[in-house]
Amino acid sequence: MTTVNIISLNKTYPNQSAPVLKDFSLSIHDGEMVAFLGPSGSGKSTLLKLITGIERPDSGDIQFDDSSILNIDPNKRGAVLMFQKSYLFPFLNVEDNIGFGLKVQGASSQIIHAEVKRMLNLIGLPGIEKRKSGQLSGGEGQRVALARALVTNPKLLLLDEPLSSLDTEVRINLQEVIRNIQRELGVTTIFVTHDLGEAMAMSDRMALLLNGEIVALDTPENLFHRPRSLAAAKFMGVSTFLSGDPLIVQKEACSSSDKVFAIRPEHIRVQKDTCDQSMPGVVSDCVFRGEYVEYLVAVDGTHVRARMSMPAPMFPHGAQVFVKFPREHLFEVQNQESA
Amino acid sequence: MKHFVTSKFRYILYLVLVAPLLLFIAYAFSTRWFFPQPFPIEWTMETFQHVFHDSQTIPSLAQGLWIASLVGLLSLILALPAARVLGLRKFRGRQLVWLLFFLPTIIPPLSVGMGLNILFLRVGLAGTIAGVVLAHIIPTLPYTIFTLSSAYARFDENYEFQALALGASPWHIFLNVTLRMMTPSLVVAALFAFLISWSQYLLTLLIGGGQVITLPILLFSAASGGNPSVIATLSLLFIAPPVLVIAVTARQLNQHGNQIREQY
Amino acid sequence: MKRIVFLFVTFALLLAACAPSAATVIQPAVATDQPATTASTLAAGEFDINNWESVLTSARGQTVNWYIWGGSDTINAFVDNFYGKALKEKYDITLNRVPVADTVDAVNQVLSEKQAGKDPGAVDLIWINGENFFTLKQADLLYKDWAQKIPNAKLVNWDNPAIKLDFGHPVDNQESPWSSAQFQFIYDSARTNADELPHSYADLKTWACEHPGRFTYVDPTGSGGFLGARFIKGALYELSGGAEQWLNFDQSLWDKNSPALGSYLNDLKLCLWRNGETYPKDESELVNLFANNEVDFSMTNDITGAGRWINDGRMPATARAFVFNQYMIGDFNYVAIPLNAPNKAAALVLANLLLEPELQAAQILPENGFGLGYAIDVTRVTDSAALSALQSAATKLGDSATPASDLAKSLVGDSAAEYQTLVEQGWSKFVLQK
Amino acid sequence: MRDKPIFSPWLSLAPALTIVILLLGASLLYAIAESVGYISAIGQHEISLSAYRETLNLNSEFWTSLIFSLWISVASTIISAAVALTLAVWLSERSRNSDTFALNWNLAFPHLVWSVAILLFLSQSGLLARWAATLGIIQMPADFPVLVRDRFGIGIILSYLGKEIPFLTITILSVLRSQSIGFDVVAENLGANRWQRVRYVTIPQVLPALLAGSLIVFGFIFSSYEVPALLGVGYPRALPVLALRFFLDPDLRARSEGMVISLIITLIVTVVAVISLKIGERKEKDEG
């Protein structure tokens, strides 16, 4: 339906010195769902404001299907936003809430009625047309908000942390609902979240944002297994980085000093006895977490965080152990922040 | 250009809101200012001095301030326990109590004053400051109760439990925990009780019976056709305390002011 | 805690009752308890009206609550500065001037006290006349048999019917005069030529319709309505061709003459300011209209004419007073003492003080801001200093006052009080609401 | 300070409730007693409905005053509500802290003072007329439109507008500002244009508050004395002015009529307040 091109966006707020977005570019395919992951202040919400037209960029362009939308009024852009809270109009019932977008487009009441019915079936809440928004649970409210956003067949759906205020169970259920509906309708979607698991579960591609720039952009699988930069690796939960340690990487010992290897915590082994290519360390913490045990081991002046599935040994504080970084799980990352 | 127009409109709005003040100043400090002179020609402090030397002005100011302060204090004292119960407890009859406290905001001061006039004459309260204070409490009490009970509704009782657990006496808790946490609301409630009392005309007239003279009484009798300079001067005196109060409490007002505004 | 709250409430109420600033509200019970040390035959606080010394003794230290119309700042100031000071200095009496918007309020106060059985009450002295006097007298609420017994009563010409009768009702020794007044018009000599001025009610109608919207008179019905009523009664006199017949109440006389009055006023109404759909409430409002060139004539009762208003900055210095050739109603103002007055002795002393020649002389001077005429008969004053003060004051009235001869020539007394209600109701029904 | 269960709430409520019930109850009882002719002041103890007959007589001034009072209250209320709505919508789009302060500032001017200001500014020889004369727009005060002490209560209405517009504006603004993201933005995002946002979102959103506020304003204006007493004409008079006039009449029998009118005012205002309360309640229920 819609390809979205974001081209070299720059934005600095009037009384701030640091730009919120720096030369920000991104292309989103038709029907694709891209998750934006980043800490607060990384520019996620500013990007949404620029796309919906609440704010204007200092320079750059946003194009839907190769034509710029910057000069289109915010209400005509077809980029519909769904918020963390449902923001259902309290003075309207469910039907009128969902039908709002159609009504302002001038659709007839029969069409609105039929479309609302279709949307309610889609979100799995048939027959609640006449309910007041105050009578809905949090999850129901968000579903209705989703229906309200989708009823006008928007060119681009923007989800601004839509699940973050919900309980875990509802949340996981809604992840599926949203993902399924998005696929079924094939609507191009940007999904903003700070939850890594949620981003991976729902998106076709993930964009990692830091200080107004994209640090990494790839499929969840690729980003998880082989993040290419140090920053991306940190995002993905990697905390152990090794630079040219002779013990481990003797053979590949390289001339370039900025060559850094990373390893995911679940691939690091902590054991009582020494063995091939292991390093000695002292346990500073050992926590039983049910499905796995988490270790914090002081190795060579740094702390290494490791995670081993059960069954796994428990060590007392101060125990002497050996830490092994299996070679097949080491991967190389760029030491620059930008990928 | 559009911005220019809108910002200009805003200043017109502001001007309308300050205009009365400028108007009063112009009239208060001028004399022999007749139609069609657009601006005062002779400026003078005479009216001001004259009004101050009038034997009624200072006593009426003092009396008004004294009455309003007492009303503020008394409505707080009366409202605090009631507001606590209404803000924190659910009990049978709560609705009814709300309704009863709501009544004084509905029943016009005219009717209250006319009815009370006779009662107060009988019990010897008519024409006394105590009588006027008591009458003023009727319109102020609901507002203090509503303000304080909504403050209590936001108040977390666990702070009190915490203090109790730490060994504080009930009196100590009330003074040092409850009251301190409620201070902003207390201030706003007291100030508005003060203002409502300060500007009360009808109740003072009907209960005070010409013996308790406050500024609104003087202003009203002057305004029904008196010397414009005197009217303006009295108006300036009349709004001085409210202006001070508004300026000081600007921030709290945004939260609490609304429900109090109308009576005023 | 609750008990403490109750204590607080009680305490605060007590505070309210005896606060320092409550000093102006007099607790009658306390005030009358002044010890009387000298009058040997009398109990403490009592006095004998025939023994003036006992009155003075009893009054010492009292506060007298004088309910007086408070609509004029300059009159208020005069009362405080002249009577208030003299009372304090000469007799050790404190004057508490209680301003009322309308004398009716004071009358009501006394009536309400009666209703509540409150004795002593709050009112010691009332500036009163006409209808209000009649109301209290009828209700038997006035202190009796004193007005001719105060020392200065000898300066008053009690044989004069205008003093003996208040709006046709016998004064009966229940009120004492303190000032006099006569109805006059005011014009601005810078705007209007003296030779164009109307000199009768008939003239006035012609003038008004030649200058539509430039004349109005005070609403006769409200609290400040006495000037308006007086204006209308003057018209009634002229239309009926005489003033004396109206001194006694006669319903048939009214019925016979009121239609002519109604048609005169309705004809006039067409030419009035704002087409007569509204009228100034009182003299002060009319003064504002006049000074701001909304109308060409103002009205006054002051012997000083426009003098007081000019001094006060309320009228241009070119304002002048004038009268018609006849039917300009004059009368006397009185003070009366309610039967339940808490400080009767002090009230008597004040009533007597009001008639002191030097204060009488002071009250007519424009610069003192009071502007009402003498209540005493100047020829009865024997003290030569006082006499010359009175005479020189009379010459100081200046251009802004009506010449004394014109005043005297046109002077007539007010009609019986019953006509007041008829005039008000008739005007309200047949002129205002028409 | 711990409240003991069961009896405690009533003990805490007692002081305030006693005052309210005692004083209001007494004033109501006395009003009713005097309205039916039980006036102990003049020793009149017979019960009669003559004051009611007198007041409700078709020829009595009561009806004119009722219509006049209704006119000024309804006109003031509707105009205030309309202007306040416009103003609030306009201000909420370009919100500044100084706006709230400016609107609150209005609190400093009691109704009495506003009336005085209107009087000095808008009368035929008031400041505006003087400016008009200086600019040559009018020659004489009589050329200036009658805006104060006029037969139609324009001055009274203007005076109320000065106070009630800020009041209602603040009421509406506080509703509009209660959300971190305005419903306005949500609606725009869903495709509504400016007018549609006002029509379909802002107005329905503020309507309950506006309606309740307007009814309060109506009740207040309908029952208040100072403004019509100062800015009104001798005829027609507003109901409260008429009531007080009767009440203060030297002829004590007229007090009965004053009480009747006062009771009628109270009745009307109470009915309006109950409607306003109901609206408020429904609104609470809707918002869960």
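As written, the chain order gives the labels A, B, C and D, with residue 1 at the start of each chain.
Note that a contact is a pair of C-beta atoms (placed from the backbone, for glycine too) under 8 Å apart; a residue touches a chain by one contact, two chains touch by 3 or more.
Nothing here was measured: the structure is a model prediction, and the numbers come from that model.
Engineer: In the touch network of chains, how many steps separate chain B from chain C on the shortest route?
Structural biologist: The fewest steps needed to get from chain B to chain C is 1.
Engineer: B-D or A-D: which has the larger count of contacting C-beta pairs?
Structural biologist: B-D
Engineer: Please indicate which chain is farthest from chain C, where distance is taken between mean Cα coordinates of the chains.
Structural biologist: Farthest by centroid: A.
Engineer: What is the distance in Å between the mean C-alpha positions of chain A and chain C?
Structural biologist: Result: the chain centres lie 89 Å from each other.
Engineer: Whole-Å distance, chain B centre to chain D centre, using C-alpha means?
Structural biologist: Between these chains, centre-to-centre, one finds 17 Å.
Engineer: Take the average of all CA coordinates in chain A, do the same for chain D, and state the distance between these two points in whole angstrom.
Structural biologist: 55
Engineer: How many angstrom lie between the CA centroids of chain C and chain D, rounded to a whole number?
Structural biologist: Chain centres of chain C and chain D, defined by C-alpha means, are spaced 37 Å apart.
Engineer: Among the residues of chain B, pick out those that touch two or more other chains and give their numbers.
Structural biologist: Residues 34-36, 77-78, 81, 118, 134, 170, 174, 220, 224, 228.
Engineer: Which positions in chain D are in touch with at least two other chains?
Structural biologist: Residues 1, 11-12, 15, 125, 141 of chain D touch two or more partner chains.
Engineer: Going by the contact rule already set, what residues in chain C reach two or more other chains?
Structural biologist: Expected reply: 1-2, 5, 9, 105, 112, 115-116, 281, 288, 292-294.
Engineer: Hey, which chains are touching each other here?
Structural biologist: A-D, B-C, B-D, C-D
Engineer: Which part of chain D faces chain A closely enough to touch in the complex?
Structural biologist: Listed in rising order, the residues are 179, 181, 183, 185-193, 196, 200-201, 204-205, 207-208, 286-288.
Engineer: Inside the complex, what are the residues of chain B that reach chain D?
Structural biologist: Touching chain D from chain B are residues 6, 10, 13-14, 17-20, 23-24, 26-27, 34-38, 77-79, 81-82, 84-86, 89, 91, 94, 97, 100-116, 118-119, 134-135, 137-138, 141, 145, 160, 164, 170-171, 173-174, 178, 195, 199, 201-202, 216, 219-220, 223-224, 228, 231-232, 235, 238-239, 242-243, 245-246, 250, 253-254, 257-258, 261-264.
Engineer: For chain C, which residues are in contact with chain B within the complex?
Structural biologist: Residues of chain C touching chain B: 1-2, 5, 8-9, 12-13, 15-17, 19, 21-22, 24-25, 65, 67, 70-73, 76-77, 80, 84, 97-101, 105-106, 109, 112-113, 115-116, 118, 122, 224, 280-286, 288, 291-294, 312-314, 316.
Engineer: Mind listing the chain B positions that touch chain C in their complex?
Structural biologist: 31-32, 34-36, 46, 50-51, 53-56, 59, 62-63, 65-67, 70, 73-74, 77-78, 80-81, 117-118, 121-122, 124, 126-130, 133-134, 170, 174, 209-213, 218, 220-222, 224-230
Engineer: Using the touch definition up top, name the residues of chain D that touch chain C in the complex.
Structural biologist: 1, 11-12, 14-15, 39-42, 124-125, 140-142, 146, 149-151, 233-235, 248-250, 252
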